[in-house]
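Pasting the structures in now, so scroll down.
In the two complexes that follow, chain A is the common piece, with chain B as its partner first and chain C second.
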Partner chain A sequence: MIIETNGLSKKYKKIKSKGLLKKEYIDYSAVNNITLSIEKNEHIGLVGLNGSGKSTLIKMILGILQPTGGEVKTFDRDPVKFRQKNAMHIGIVFGQRSQLRWDLPPIDTFKLNREIYRIPVDVYEERLARLTKLLDAAEFLYQPVRTLSLGQRMKAEFIAALIHDPELIILDEPTIGLDVVTKNSIVSFLKTLTDKTIIFTSHDLEEVEKVCSRVIILNRGKLVLDKSIAEVEKLDTPTTIKFTTQDDLSKIQGKLEIRKVSDSSYEVADIASDEVKNTLSLITGQLDIQHIEVKRSKLEYLLEQTAERRDNFES
Partner chain B sequence: MRYAKLLREYLKVNLKALAVYDLDFYFAIFGMAIQNILNIVALGFLFNIVPSIKGYSFQELILTYSLATLSFSIFRCFFINTLNIAEFINKGTLDTILVKPINPLFQLINQRADEDSWGDLAVSLILVIFVDVQLGYPWYITVMFIFISLFTSLIFMGLALLGNTVSLFSNGLSDLAEVTFDFFELSKYPLSIYSQALKWILTFIFPIGWIASIPQERIAQHHEWYWLFVIPVICVVFFVIIYQLWKLFLNKYQSTGT
Partner chain C sequence: MSMGFKKGFSSRYALVFYLGSILISITIQFFLWKAVLVNKPEVEFKQTISYLVLMQFLSMAFPKSSYELNDEIKSGDMALSLLKPISLENKFFWEGLGYSLAKVVVIGLVEIVIYFLLVPHAVTVLSVLMVCVAIALAYTLYFEIELILGTFAFYTYSIWGIATFKSAILLILSGNIFPVEYYPSFIRSLSDILPFQYSFGAVGLLSQNPSLDLFTKIVLIQLFYIVVFHFIYLGLFNRAVKSVVIQGG
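Up next is the complex of A and B:
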């Protein structure tokens, strides 16, 4: 067991109204009563809207934050007390903050990390060569970080975070702002790390589905879904069909609920699984289709659902 | 031993980073030299009006000034990053420090090199040597002063850490670390020019009297050599106390977070 939490909570005091002298505080639960356990070699996708408590949960797992309720164990010990010990086995990439030295080439940060994590030189050289090859990073290791593109910098961050061969890898929105090519190369790199435990947060849900073996959805600090990707696949979620045509839609008007996306591009949403075949044949049979796309994005649907449920509940 | 090796690696990286600054680095040295000369000229004007201040001659005051500057520039060259904790909290850099398996203060100190202060260090070293020669002090007094300055810089670091605790408490909203600069201004003058109450505070609470005034009085004037031992001990003890307090507030930061 790599991580275990039991009724884990974190409450903040937030200032509600701030007068000159009068202040009112409200309790705000960033993380609310979360119980989960993460096994070795699992790839966890941690998903949730902004402010749903993902970062707070990660910080508590890392021991940067002290929980206000419940307990958390990382590597079977208290992460706050054993923060520095645990850190030897954890590699972290924060998409929003860098551990690289801004004015120096990435290689200098790697060397510094070699000393920090006490990696023997030959082991270090071998790992560096392997990571560099996997991430295709050879060309920019000796250029100052400030001259690198975001994609190159991110790849360097990955090498810096993985150079000590950590058991647990925490990736907090590592692909934010990256182009498709870089994203794909990072995703396929992550897939090769089958002997590592990964916690991966991202707003790109397709990516989470590709990388992870299990998905955890948080909403307003609460755990709303904890299922393996295989189980998520089995869930009955509606399908969306998008198509492009120059034809007149009157032939199928009335039979389907069609929404116009842009000029000559339309969308039929919320199709139940047993209706997909009929709908498709109706569209393709009646219209001259230039392009058609059938999409069923489980996570996006689940995320929207959980968020809406809460909103309805509150209003 | 581990930290010695780490320190070597950090120094290598930081020196490399300094080299990146290139021209900027030399301009900074030049600027600092000018600033110091202007300060001394201003002090010189004061002595055109009065022959001595509380029994201190112009040269002796310059000695206090340069001792304080020497100590402060050592602080600035090596420990200046302790001033930046508010920025580190706001940017989230502190979190990346906390998730590394080494002492957070050690990392904080070595996080970045400062390019401005090397000029100050050079100028103050030259000043101390020059004034000592002017005053006719033997060479070993100069060596003693340099030795003591290595320790008194810890007092400045202690004051910076004390300012840090406010940032840690308020999650980087307010920042009192800059007050260290104001303490530096106070430390440039002999304690005897201050009122009795202030003298007591500057000796026992914010111990900046130990930086320049006390070494000058005890070692250069009275040749009481045991102060060579007492002063470093005081500096280390002050630093250790503040460091414990700082650690306490770092834990407090962990319970509030951002």
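Up next is the complex of A and C:
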């Protein structure tokens, strides 16, 4: 077992109102009573809306946030007490933070990591060559970080995070803001890391489905779903068909519940899985279609449901 | 350490401008003290101005780790530093030392030449060695003070006010702007007890009166404060890290 949590919670005090001399606080549960375990070599997709507690959970697993309740063990140790010891076996990429030095080339950060993680020179050279090839990063390793594109920087971040061959890799929105080509190359790279335990957070749920073998959904700090991707795939979730046409919709209106999205763009939502084929035949048979798209992301549906439940709760 | 050195050299043009501002400052001080000590012997003037050049050197070379710590806390990059298998103290010390070395190469060497041109007495190898040891310990002591100040940023998220207060304290009690001997006796007595003088003024004093007795006294007090401040920093840091909040991604 790489990670084990039992009733893990983190509460903050948040300012409710602020007077001239006095502030009123309320307790806010960023993470609430989470129990889970993560085995070696699992690829975990940790998803949830903004503020759902993903980053807080990760930071408690890493030992940089002290839990206020429950317990967490990373590599069978208290991660707060053994933060530095655990760090030898962990690689981290935060999409919104950087371990590279802005004014120096990435290669200098790699060399620094070689010293910090005490990697023998020949092993370092071999890993650097392999990672550089896998991520197609050779051309920019000697350029100052300030001159790199976001995609190049993220590839360099990956090399810096993996140069010490960590057992556990934490990827917190590593593809945020990247173009589709760079995203795909990073996703392909991550799929090759089958001998590593990965915790991957992203708002791109297709990516999570591609990279991960198991998905955990958090909502308002609570664990609301913990299933393998295979199990998620088996869930009977409705499909949405989006299409663009200049035709008159009267031919199919009444047979389908059509919603206008924008000029010439329409959507048929909540189609049961056994109805998808018929609905598609109906649309393509009766209308001159310019573009059609079938959306079947189970994860997206589950997250949308989570969001709706939250909105209902708040209203 | 090499990261700090390279970082320093990557901004070498900024350091050249820094050198320019230091040369202007030394020139102003030269004429100011010439006017102040107009009726005094030339030796006293040279002693004062060489002392002040040495203080300029120390102020330039000493690390600004409190600002670096503060920046990391404000930006949230502290999360990444905490996840390295190396203590923050080690990281900031060695990087800061590398950066200081880059500053010494670009700026400090010029200041050292000016110092030796101005110093009125003969300089022996032993006195240079004693001053070098005192500077190394003064650097470490100042670094510990910087770390303690930087740690306050865990609570205040900005050390601007604290850093300004530190500068004021150093101005009064360290002797880095005026030689302590010109202060009233009660301030002199106070600065004798407090640690600030042992990062600046005491080194200047030793450079003017290099004796083994003075050297031993200064080094022992420096070592005492380094150990005490190290433990104060550890206590503050461990407490701060437990209450730290790093939110938002």
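In the analysis below, the second predicted complex is superposed on the first by the 313 of 315 C-alpha atoms of A that agree within 3 Å, B and C clash if a C-alpha of one lies under 4 Å from a C-alpha of the other, contacts with A are read in each partner's own complex, and residues count from 1 in each chain.
Just so it is clear, a contact is a pair of C-beta atoms (placed from the backbone, for glycine too) under 8 Å apart; a residue touches a chain by one contact, two chains touch by 3 or more.
As the structure is a computational prediction, the values presented were derived from the model and not from experiment.
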Report clash or fit for the pair chain B and chain C bound to chain A in the combined superposed model.
clash
Which partner does A:Tyr25 reach: the first (chain B), the second (chain C), both, or neither?
neither
Scan A:Glu173 for contacts with chain B and chain C and give back first, second, both or neither.
second
Kindly classify A:Leu104 by the partners it touches after superposition: chain B alone (first), chain C alone (second), both, or neither?
both
Should A:Met88 be classified as contacting the first partner (chain B), the second (chain C), both, or neither?
both
Figure out whether A:Ile64 sits in contact with chain B (first) or chain C (second), or with both, or with neither.
both
Residues of chain A that lie at the interface with chain B and also at the interface with chain C:
12, 56, 59, 62, 64-66, 80, 83-85, 87-88, 90, 92, 94, 96-99, 101, 103-104, 108, 111-112, 116-117, 144
Taking the touch rule as given, give the residues of chain A at its contact with chain C in the complex, in rising order.
12, 55-56, 59, 62, 64-66, 80, 83-85, 87-88, 90, 92, 94-99, 101, 103-104, 108, 111-112, 116-117, 144, 172-173
Under the definition above, what is the set of chain A residues touching chain B in their complex?
10, 12, 56, 59, 62-66, 80, 83-85, 87-88, 90, 92, 94, 96-99, 101, 103-104, 108, 111-112, 115-118, 144
Spell out the residues on chain C that touch chain A in their complex, using ranges where they run on.
2-3, 6-7, 10-11, 75-77, 79-80, 82-87, 241-249
Can you name the residues of chain B that touch chain A in the complex?
2, 5-6, 9-10, 13, 16-17, 20, 91-93, 95-96, 98-103, 251, 254-257
